[in-house]
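Note that the chains take the letters A, B, C and D in the order they are written out, and that residue 1 is the start of every chain.
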Amino acid sequence: AGCGGKKATTGGGGGDGKKSLKVGLAYDVGGRGDKSFNDAAYAGLQKVQKELKLDVKDLEAKEGESDNDKIQRLELLAKSGYNPVVAVGFVYATALGKVAPKYPNTKFAIVDDDTIQQPNVTDLLFAEQEGSYLVGAAAAKKSQTGNIGFIGGVQTPLIKKFEAGYVAGAKKINPKIKVQIKYISQPPDFSGFKDPAKGKTIAQGMYDQGADVVYASAGLSGTGSLEAATAAKKWFIGVDSDQWQTASAAEKPYVLTSMLKRVDTAVFNFVKSVGDGTVQKGDVRFSLKNDGIDYSTSNPQALGDMTTTLNDLKQQIISGKITPPEK
Amino acid sequence: MIYRLFARSWTRTLVAAFVALVFSIALTSIVLSISGFNPPSTFQAMFEFGKEPDSIVNTLNKASSYYLSALAVAVGFRMNLFNIGVDGQYRLAAMLAAAAGGAWNLPVVLHQIVIVAVAVLVGGLWAAVPALLKVTRGVSEVISTIMLNFIATGIIAYLLNPGRLAVQLGPNNIGTKTISHSGRVPGTPFPGTDLKLYSLLVLAILAGIGFWFMINRTRFGFDLRATGLSQSAAVASGVDARRMVVMAMVISGAIAGLIGMPQLLGESYTYSLNFPTGIGLTGIGIALLGRNGPVGIAFASLLWAFLDVSSQILDFNDIPKEIVAITQAAVLLSVVVVYEVVNRVGQRIDQRHVAAQLGEVAA
Amino acid sequence: MIEQEIRTPAPDTGDRERRRTRVLVVGGGIFVALILLRLITGESDITSSGTMGATLALAVPIGMAALGGMWSERSGVINIGLEGMMTFGTWGAAFASYFSGNPWLGLLGGIVAGAVGGLLHAVATVTFGVDHIVSGVAINILAPGVTRYLSDLLFTDEKGGGATQSPPLPSFPTWSVPGVGKPLGSLEKHHWILVSDLAGLVRGVLTDLSPITLLGILLVPVSYYLLWRTAFGLRLRSCGENPVAAESLGVKVYRMKYSAVVISGALAGIGGVFLAMVASSNYQEGQVNGRGYIGLAAMIFGNWRPGMVAGGAGLFGYTDALQLRGGAGAVHAMLLLIGIGLLALAVWRGYRRRVLAAVISTVVAVGVLVWFFLTDALPREIVTYSPHITTLLVLAFAAQRLRMPAADGMRYRRGGGH
Amino acid sequence: MSTTEPAVELHGITKRFPGVVANHDIDIEVAAGTVHAIVGENGAGKSTLMKILYGMQRPDEGTIKVAGVEVALHSPSDAIARGIGMVHQHFMLADNLSVLENVVLGAEKLHGIGGRARRRIREISDQYGLGVEPDRLVEQLGVGARQRVEILKVLYRGAKILILDEPTAVLVPQEVEELFGNLRELKREGLTVIFISHKLDEVLSVADTITVIRRGTTVDTVRPGDVTARQLAELMVGSELPVPELRESTVTDVPVLTMDGVTVRDATGRAVVDDVSLTIHEGEILGIAGVEGNGQAELVEAIMGMLPLDAGVIRLGDTELTGMATRRRREAGIGFIPEDRHRHGLLLESPLWENRILGHQTRPPNVKRGRRGGATGGKAGVLIDRQGFRSDTERIVRDYDVRTPNIDVTAASLSGGNQQKLIVGREMSNDPKLLIAAHPTRGVDVGAQSAIWDHLRHARAEGLAVLLISADLDELIGMSDTLRVILRGRLVGEADPATITPDQLGSLMTGAGEGSAA
């Protein structure tokens, strides 16, 4: 946030003659800078701002807040003429379910949830298990010890999806592979997404016990795991965004790949479709098929020739020959 | 005149609160100015937003949980018992009550009563653990309740699993089975908004009255206060200090059990991954701000909730809304300091007054 | 009055010696028990260098908080605000190191930020006589608000920063005792009884040390020396035992308490520096995550004495390391140790004719052992909190033997004595 | 003895506390190399004056000269630097530190805190025959030894002027003699001693000069040869002293309190109350004499149920008290005037009417009667009766002459005597059968003192049984029907108050004259 003065706090109900959209976005707890899906959503928003030249407004959530706070946040955006409005994270499900019917002319989207049945709500869903499957395969290919690790930030259904895909992908390459699995915290304690110290300790433990590739699906805690990888000179797999990009020069060589969850693409496409009038109602599924899910190839030295195998698997998933498990 | 002003403890509290508020507003303004924002327009934006019907409802709803939480803390504070564990107590209580409410289908009224009773029971029992550790093993309740907060999280995590007490609520959310209509308490409409007031706000009011009555009108309340004012004098007067510790802690935990009820029965109907957390810790601050009195706490929780709610507009105006946290902390710290000073001045004036009235010059 | 002294023991010249032996015996005993446990259960991680290293890394921030608490309470001021002071420390470290690019300035920044928190506590408790717990709680509420506000102001426009975190920070160089890592590492691999365990222990403690870890370890004997072997320390402790007496002998009680609480904050700040810059590579909101409170528990467990306080932090760090690295298996193995320990306690109590206590211990011990033999692993959710459960259990068994400074937590007014 | 400058001169010293003028225009000159006594009643302002001289408190007005030089004493260190040392009325020792640490504290520059200091302490201890062992924890020491540590503390700092604030209060006569021997020794070495007491015979025996303080101001300075104890007393009080005495005996043969083989052990297993048996009858005041710290406090707490018994039986009338909770004992008819009214008798920050409830929480007029009254004797209700105790507080204030503007002021704002009268009034309410009175007139002014004695005499005539504990031997002898002596937790002797003198009682208290003097 810059030192801006007051922007419009109240506004007409979006009824200006010009059809210039104002885009609102409400983050999940953690907000901008979580190196995870909030950040990805922000990236999408920036793209909207840059390429579509639209007015944007992003609001943050507070830890431990109630549904009413979320309702007010969404209403604040809708009431002030922001349209479309994107809610980042399933935590907004209940709130959006109540707000959406009140603003039938506003287009809403929610990330990671499909429980709201409203005509003006688009669900942005991701097949994380598909991307995880691919990086699992990459890990198994890369591993010389036949021992790899998975670190989950918080043991929620969402993160378990990552785990399931990863394990299945690894087993596909090497059925006898050993996968060490560890979650940092348990819901409702969400500190596991932001405790790099523990992310580091756990990764160290995994490397000490023979793993040579670790996949951290743990938000910020993953940065600790990457440090451990660098110290141990072993492999690390990032999540959500391409962590090779944000890694330091010393760390880059150890980032094998990242599982990409294109929340940015999803947000951008959704906003664009609202502008085009081609907005899709109901579920929009992002997967390998439509590039909403992918793996990164920013460290080609590390990946070497395994890309062929991975791309082959990717095709099999897209074509439906392989269906990575969600649980 | 000054004597009159300082004669009663509630006037002292009022003076302290006022001074602290002025101080905090000044401090907040300074911080805002230094960061390049305009304090008056910031406050005005907060105020404008805060008085919208939506905000009022949200403030009142929030204040009801805060109030119960602070009350729970205050029961302990009144006898110098630091129940830092309200947070764990209310979360565990809300979770188990939600699970019970979802699992058992009972007729209306009975259903609600059972849910609330489970919450009260769980809260009280969980609070009994540190109490018993204190009286039998001499473990400081400050440390044990902090540890028990963590352990409560572990227990909740263990139970809140599909196959145990949880069901899948959405692709990414789990929670206890949703409580059926017979167990819910419909909200009360409020003019100008379709947000509803939690009807169980009345629980907070009742608890407040009960607390006031207990402290000021019952023997138990007297014993409680006496123990807080001077444990040695209370023991000499026949108060059983160990029993008081257990009783106060259990009552505190029982009230803590109520914290989640307005939200649970009036809004979410399930204890899921996004059930509000941390209210127990907020309650500590509010209890201190309200000087552990039922009326003071009411004002304090309203103020706190108002600041929380209206902070949303700051974000909207690109002002870091954490300024509110600074205001809250400043109010809190300054109110305890100012109260200490006011109290000391008050006592001195008191003694002078007594001496003057009696015309005593020498010792 | 001579007759009243008849019962007093002979001058305690052997006291310190005895205490030192006891520390060695207890420490050695635990170590041997762990080795046995490793043999029985086959969980090699129980004594591995990795576990020891992780123990150290997890124990340092807690130990710093605990040491800070000890300084403060030795002067008679309860410091429950350690959590907030650590938070200040994490932020101060991030601010100073990021904008200067120098990790050492980060250390300084963390120390100063923590000390400022301590100063605030001192002003409230010493000068204004506010209840110590109340002031501490207020500081714990203040710290996250202030740091978040400042982060929003200062970090959001930096690459990788935000309202809840700082950009990546410069890191400290690490250091190993030369010539130790390799040979010990190969020794450790053999899983020879005792030799490998010892090698693991030594290697874990002597390799890949950050300067902050070294500083933390060093501060334990330094604290001991300053508090028990210098005039300053004597004066400081006297304020925690009997401030009126201290004042009557010309000790500047306020000044001592101020120093102690500010030092306490600075130590907590070092804990924060460790969290932000060594354990991870950036400041992160909520990073302290209760470690200040746990430090307080470690301090109580350590009976307000540096050696034992460090031991308390170590115990917590060890349990945490075990649960994070080994997870359910290793912690499950610990059940066996707890069960046997409790049985031993029961026997000892029976020997001392404390029948009820012996019976209770036996019942608990049998319960734990049955649990061990009937299950293969503990629920993951519970294992995560095994350090907290351990702390609670340890306090429940040890609390009565503890002795806090006599005037700890009391409000003291200058000239307020009789 | 040089007759140059006086060692200390105090001129026009005034010190005000909120509501109290503790010192008012005080003038004293202390000649070097003498023992100068300052006498005055409880609360006359002696300690305050000495704290001013020791830099612990700043005077509001007045000047202080040490060896002819005017000084400003901002802290004890200033005083210490000028060779002034003080042994306080209440020991200033940290229990959990060693003797060595207590002694060197604040004077570490002299000989460090290690071996040199230890040697120096041994030296001083040997020189004055103090018998102090540097490495022992203070908590392991008895009262006498603690006092010698205090004196050593002062000597260690090389003090030339020694202030002793009521050093004899906790000593028995024989120990007092030893102490006076030490003081004379100090005087011979050229030290100046300022000695505070309100025990006149002691003062007359040891002092070279005596200054009398009354109500905060100096009234006269005299030489011991020129006055009698009686004259000195009248200077102190400004009027005739009230005398504690009982008229005819009202003792009946109805036992009220019976203790049989009562034993209480402390945490270390030592018997602090050892096989105590006694009986108090209706209309009888039984006094317990003993040096402080010989089990009196524990005895009282055992009767009140605040300490568990290790052996023995306590009965009130026919009711067995053993194992009964404190509250039940109070309900059974025990009133309790505690030794330390601030710790055990009052809620200082609460108004007087709330203090009326304390200790009587279950009885009218403080609580409303429960529903199930009648047959079971009216079980107390759970609600307090505001009207009831407010008006009863008014009654106590009236009947016991508690000086207060109203009953809404806090207990803390009353003077000590008035606080004590409130407690006495409260404990006499609800017609107790037994009153435990521990130091009932300690720290109370003369008027209040005789009022409290009157109340005790009156209640005794009506059949009250009283257990009286006091350090004031005149009070004990004057007010008791029966006297027992406690030593190291055991009742070691019985004395007849009609014939015994304070001196004889004193030797019984030390165990010198074992057995019965009656």
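In the analysis below, contacts are C-beta pairs under 8 Å (C-beta built on N, C-alpha and C of every residue); 3 or more make two chains touch, one makes a residue touch a chain.
Which protein is which chain? UniProt says B, C = ABC transporter permease; D = ABC transporter ATP-binding protein.
In this text the structure is predicted, and so the values were computed from the model without any measurement.
Visitor: Going by the touch criterion stated earlier, list every chain that contacts chain B and also contacts chain D.
Guide: A chain counts here if it touches both chain B and chain D, which gives C.
Visitor: Nearest whole angstrom, what separates the Cα centre of chain B from the Cα centre of chain C?
Guide: So the centre of chain B lies 30 Å away from the centre of chain C.
Visitor: Quick one: chain A and chain C, Cα centre-to-centre, how many Å?
Guide: Taking the average C-alpha coordinate of chain A and of chain C, the gap between them is 37 Å.
Visitor: Centroid of chain A to centroid of chain D, CA atoms only: how many Å?
Guide: That pair's centroid distance is 75 Å.
Visitor: For chain B, which residues are shared contacts with two or more other chains?
Guide: Those would be 35, 153-154, 157-158, 320.
Visitor: Among the residues of chain A, pick out those that touch two or more other chains and give their numbers.
Guide: 1-2, 60, 63, 155, 186
Visitor: Can you name every chain pair that touches?
Guide: A-B, A-C, B-C, B-D, C-D
Visitor: Give the list of chain A residues in touch with chain B in this complex.
Guide: Residues 1-7, 9, 57, 59-60, 62-69, 71-73, 75-76, 80, 90-91, 93-94, 102, 112-115, 125, 155-158, 186-189 of chain A touch chain B in their complex.
Visitor: Help me check something: in the complex, which residues belonging to chain D touch chain C?
Guide: Residues 47, 51, 54, 56-57, 75-77, 80, 86, 88-97, 101-102, 104-109, 112-113, 133, 135-137, 140-145, 153, 175, 270, 293, 488, 511 of chain D touch chain C in their complex.
Visitor: Could you please specify the touching residues of chain C with respect to chain D in the complex?
Guide: Residue list for chain C touching chain D: 1-5, 7-9, 11-13, 229-231, 234-235, 237-238, 241-242, 244-252, 403, 405-406, 415, 417-418.
Visitor: Flag every residue of chain B that touches chain D in the complex, lowest number first.
Guide: 7, 217-223, 225-226, 229-230, 232-240, 347-348, 350-358, 360-363
Visitor: If you look only at chain C, which of its residues touch chain A in the complex?
Guide: Spelled out, the residues of chain C in touch with chain A are 45, 48, 50-51, 53-54, 57-58, 152, 155-157, 160-165, 168, 208, 275, 279-282, 284-287, 289, 321, 324-327, 380-381, 384.
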